[in-house]
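Each structure below is given as structure tokens.
First chain A sits with chain B, and in the next complex the same chain sits with chain C.
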Partner chain A sequence: MTQLLLFNAINGLIIGAFYVLMALGLSLILNLSGVINFAHGGFLVLGGYLAYALTPYVGFWGALLIAPLLTAGVGFVVERLMVRRVYGRDPLYGLLLTFGLAFILEDGTRSIWGAQGLPVSIPAVLARPLSSDFFFITGYRLFMVGTVAAAVFLLFALLRYTRVGIRIRAGTLDLDTVSALGINVRGLRSLNFAAGIFLAGLSGVLAGGQLGLEPTMGTGLLMPGFVAIIVGGVGSLPGTLLGGLLIGLASGVTAVFFPSASEAVIYILMAVVLMVRPHGLLGEEGLLT
Partner chain B sequence: MNSRAGAARQAGTALLWAALLLAPYWLPWVGGYTALGARVLVLGLAAMSLNFLLGFTGVVSFGHAAYFGLGAYGAGLTLKLLAHSTPLALFFGTLAGGIAGALLGALIVHLRGVYFAMVTIAFGQVFYYIAFRWNSLTGGDDGLRGFARQPLHFAGYAIDILNNGHAFYYFVLVCFAVTVGVMALILRSPLGRTMLAIRENERRARFLGIPVERHIWVAFTLSCFFTSLAGALYAMVNNFADPMGLHWSLSGDLVIMAVMGGMRSFWGPLVGAAVFVVVQDFLSSITTNWMSFVGLLIVLVVLFFPRGLLGLAQRRGEA
Partner chain C sequence: MKKPIASGKIGRRTVLKGAAAAAVLQLTGPFVIRARGETPVRIGMVDPLTGVYAAPARNEVIGARLAVAELNAKGGILGRPIELLVEDSANDVGTGVQKARKLIDRDRVTFLIGDVNSAIAQAIAQVASEKRVLHIVSGGHTDTITGTDCKWNVYRVCNTTRMESNSVAPLLYKQYGKRWYFITPDYAYGHTLQEGFAIDAKKLGASILGDELAPLGTSDYSAYLIKARAASPQVLIVLPQGQDMVNCLKQIVQFGINKAIPVAGAQQELESLEALPPEARIGTWMFEWYWKQPGVPFVSEFVAAIRKRNGGKVPTARHWFGYTSVYSMALVANREKSLDAVKLARALSGFELPPEVKLQPNRVYYRAGDHQLMTSAFVGRAVARGIDDPEDLFQVLEVVPGDKTAPPVSETGCKVRWPA
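Here is the complex of A and B:
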């Protein structure tokens, strides 16, 4: 029993790591632009399919880098053409716009690659279990966690030590002042949006290797991303990190006792957090509210 | 507003009611059918209920499918397990969604803007997972079947709304009329005026001593009650309730109906619902890529017609 619990807890944390990667992208965009990106799941799927299409030419490792970059490029263009027009308006319009984009992205991937699920081949090194005791920890899962950890580390380092990163963080707190200091806020937001979409694309490549690819998979994965942000606190990236791991752990542990509630439990966790701390675990009052 | 605009508005409302009353007779002429009329009415009612919150209180909820779906499942389960009575099914369906809305509303009224919207999205999805997973009760992914709306009995008379499509349409129309009547009365009452005040300037309303949170909670709860009544009716349109009635994509559909028709107008969401349902029906009959076109329509509305159809007409009337 203890062993089963431990297995599922670790498993949950691995899934949580995946949620973190996706939620961080959502969070970046939300913090600086005030747009809830409903199309994030669509971009995730696009990233996965692009990796599928690229693998024959550049191999898995090449696709792991190039597919998210291409997805980010698409995101950049979409931001320039459409998303930036809703900045500063009622959050309703950003939601609706990205809601429409999600339809287009899902239908687009379906038209190009078909409605049937596609398997993604991963390198043999990653496919085998690490040991017979921990049979469920395949090399791929460990690789997922490693990739997420590297991406998170890199993101936080960039935000902390580079000029652009510092500007993004400052813009999250007070965009008007940042703009008044002569910084090109429009460009900053485009770049930040593309960075968020890069993370979505990377999540897509990783998810494809684990679950296979389907045009509709993005919407199912999107909701835990929202929950992770709310649990951690809107406006706080470390909060998102914590929230993602927590909900992964919660659904993993619940799967032991009451498997059919493993999806609903994260919403119960969210309700409890909202009751105890209305602005999330690490959220601050007044930020983006 | 001058008296001419007022007269034009009254004429428009009269025209709308005439069109609704005669729908079973003119719909076939334009290629429609009575059941389509009932669907538009029900979705229009849901969109108007959402707009009670969205357009008149200024609070964004992107999770109203939850209450719509709860109404549908509540009505369906009542008919299937509890009693073969249409009014009871409507009552329990409405109660299910309304109470859920009241409870969740209490949790979130302190949040604002993006935060509020995001929490409504997330909470909107929890009932989807419950309906999806609780196979033995809800039928899971296949949806809830095995129930049917029942004939109405009034003092010895029976009205067969089950087999007679026209009778059912008029039954839905009566429910619709009563509900929007209540909505219009509330909007004219001090409560409704306070909601408008909060929409226009929340800070000023607060300084005037208005308990803003309590009013938002009341508006949210009422909106959920109305929406779940629409959901309960929807279960009877199809004699079927499925998890997609709880899915966030329906929440988005309801919002786009309200925006497309005109958020600032009372009847706008009904017009938006009619356009949206007809366009979706039409597109899905001519192309398999209808989702892209619906998505494109949404994007275009947001970028170029954020005031909606009736908003556009109103602006022209004022100019």
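Here is the complex of A and C:
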């Protein structure tokens, strides 16, 4: 039993790492632009399918880099043409817009690549378990965790040490003052939106290798991302990181005792956090209220 | 001088125009009457063209469209052309019901087909029953549709979950042993399917070591697989469908579990096998219909016809479901020379499909007691790569007749009540 619990706890953290990647992208956009991006799952799917289309030409490793960049490009255009029109309005406008976008992305993917699921092969070197005891830690899952860790490290370094990063952080706290200081807030938001969508695209490529591709796959992967943000605290990227890992762990451990509740437990956890600490574990009071 | 807007007088030109219009009406009158004689017989089809079941739903529609084209070339129904009206249920019960009502009330369909999703199929059956419209459930498997919730006007083409478990359980027991472990999708279909296996296990003397209920839409099965491997069963029985099945099998192979524990299940579909990479096409399953049947009449013609409409790809069981649903309605209507729902529903009881429609070796008929089609189960193994054809991904070991896999009517709980 102890071994089973340990295995599921480690496994939960691996799943949590994936949630972190989804949630960080969502969180970036939410923090600076105040838009709850329901189309994030749709961009995830787009990233996965673009990687599928690119793999024959550039291989898995090339697609891993190019597909998220292309997805980010699409995100940039979408922000310029549509999303920026809802900034500063009632959050309902953003919700409706991104909800509609999610449908367009899903149906667009379906009409280009078909409704039937597509197989994605991963490099043979990553396709094996590392040991017979820890059979659930495959090379690919470890690679996913490594990629997430690298992305998180780069993102935090970018936000901490670069001019753009510092402006994004400042904008998250007080956009009006940042704007009054003469900083191009419109450009900053476009760039930030594209960075969030880059993370969605990267999630899509990684999820495709693990699960295969299917036009509706984004929907199921989106909700844990939102839950991670709420648990960790809106406005706090370290909170999002913590939230993602925590819900993964909770889901993994619950699967040992009540498998059918392994999905519900993340929402129970969210409810408990909201009751005890309404602004999330590391969130700041007053943001987005 | 300006013309008055309304002078109150009827001008010469107006009279002439009126007369001309009346003359045209006289001329067109007979044509209108003749067109009424050729008013199409409308068949409504409700299927989830968007959402997780979009692939099987779209294939059912392709199959139905082929049947309509073939039948129209042979004179349609009672000499009238058939028109197929397709509506998207979006995999949502409320939407499905709304679309079924629209088809019946506004479009005046004579027959109804659908849905892939069992819950929607059941809800539509209720509407069709209220409105007294003959309804064929093409692809929703849950037992109650032709069991405790059966209706005089509702027939079903695809298997029940009991038929599915009965078709493979004896083979699993013989081939792998008596310690079974399940991964079951946590909704009506999964529950009834697992219950069917539990009844079979009791009969055969097998024991169930565990049953992991995974929510619908689970993308990561690792937690369940860790528990399943720890229990060391003799066979791991995987029951989720569609993308859930794809996710589960991929992880089983990535974890190397299939090297220690054989993998099997009930229903498998070509749509799922094609979505898997070759190394994950494993296991013992049943197909509800398979495209490669050497020597069985009319199968190769059907395969060729579907290929033309399906981007060169072979038909799956779903194409056959749609095709058979339309043909069943047309054949029985032409035989009875009627479109009356009660008359046709009675005529479908015990109706046997001809070889050009059944497309399989055994006798295939709608059982009178529960309106379930007694269709065969194609039991066999998934193969990584097709030898002659890249889509030949299943090796059929046995074709079990429907009346051997179906439990007796007395066990289904169905009591058909006919309208007075």
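The definition used in the following text is that the second predicted complex is superposed on the first by the 289 of 289 C-alpha atoms of A that agree within 3 Å, B and C clash if a C-alpha of one lies under 4 Å from a C-alpha of the other, contacts with A are read in each partner's own complex, and residues count from 1 in each chain.
As a convention for this text, contacts are C-beta pairs under 8 Å (C-beta built on N, C-alpha and C of every residue); 3 or more make two chains touch, one makes a residue touch a chain.
Given the structure is predicted, the values throughout are model-derived calculations rather than measurements.
Asks: I'd like to know which partner A:263 touches here: chain B for first, chain C for second, both or neither.
Replies: In the superposed model, A:263 contacts both chain B and chain C.
Asks: Quick one: is A:85 in contact with chain B, with chain C, with both, or with neither? Answer first, second, both or neither.
Replies: First partner only.
Asks: Check the residue A:217 against both partner chains and state whether it touches chain B (first), chain C (second), both, or neither.
Replies: After superposing on A, A:217 lies in contact with chain C but is clear of chain B.
Asks: Taking the superposition as given, does A:255 touch the first partner, chain B, the second, chain C, both, or neither?
Replies: A:255 contacts chain C only, not chain B.
Asks: Mind working out whether A:36 is in touch with chain B, chain C, both or neither, as first, second, both or neither?
Replies: Touch partner of A:36: chain B, not chain C.
Asks: Which holds for A:100: it touches chain B only (first), chain C only (second), both, or neither?
Replies: Once the two structures are laid over each other on A, A:100 reaches chain B alone.
Asks: A:278 contacts which: chain B (first), chain C (second), both, neither?
Replies: first
Asks: Using the touch definition from the top, say if A:8 reaches chain B (first), chain C (second), both or neither.
Replies: second
Asks: Touch check for A:61: first (chain B), second (chain C), both, or neither?
Replies: After superposing on A, A:61 lies clear of both chain B and chain C.
Asks: Using the superposition on A, tell me which residues of chain A are in contact with chain B and, in the other complex, with chain C.
Replies: 106-107, 219, 260, 263-264
Asks: Could you pull out which chain A residues touch chain B in their complex?
Replies: For this pair, the touching residues of chain A are 30, 34, 36, 38, 82, 85-86, 89-93, 95-97, 99-104, 106-108, 111, 219, 223, 226-227, 229-230, 234, 260-261, 263-264, 267-268, 270-271, 274-275, 278-279, 288-289.
Asks: If we count contacts the way the header does, which residues on chain B are in touch with chain A in the complex?
Replies: So the residues of chain B in touch with chain A come to 54, 60, 62, 104, 107-108, 110-115, 117-119, 121-123, 125-126, 129-130, 133-134, 248-249, 252, 255-256, 259, 289, 291-292, 294-299, 301-303, 306.
Asks: Report the residues of chain C in contact with chain A in the complex, numbered from low to high.
Replies: Answer in residue numbers: 50-52, 54-55, 57-58, 186, 212-215, 217-220, 222-227, 229-230, 242-243, 246-247, 250-251, 254-257, 271-272, 274-280.
Asks: Show which residues of chain A lie in contact with chain C when the two form their complex.
Replies: Residue list for chain A touching chain C: 3-4, 7-8, 11-12, 14-15, 106-107, 110, 114-121, 127-129, 132, 135-136, 138, 140-141, 207, 210-212, 214-217, 219-221, 251-252, 255-256, 259-260, 262-264.
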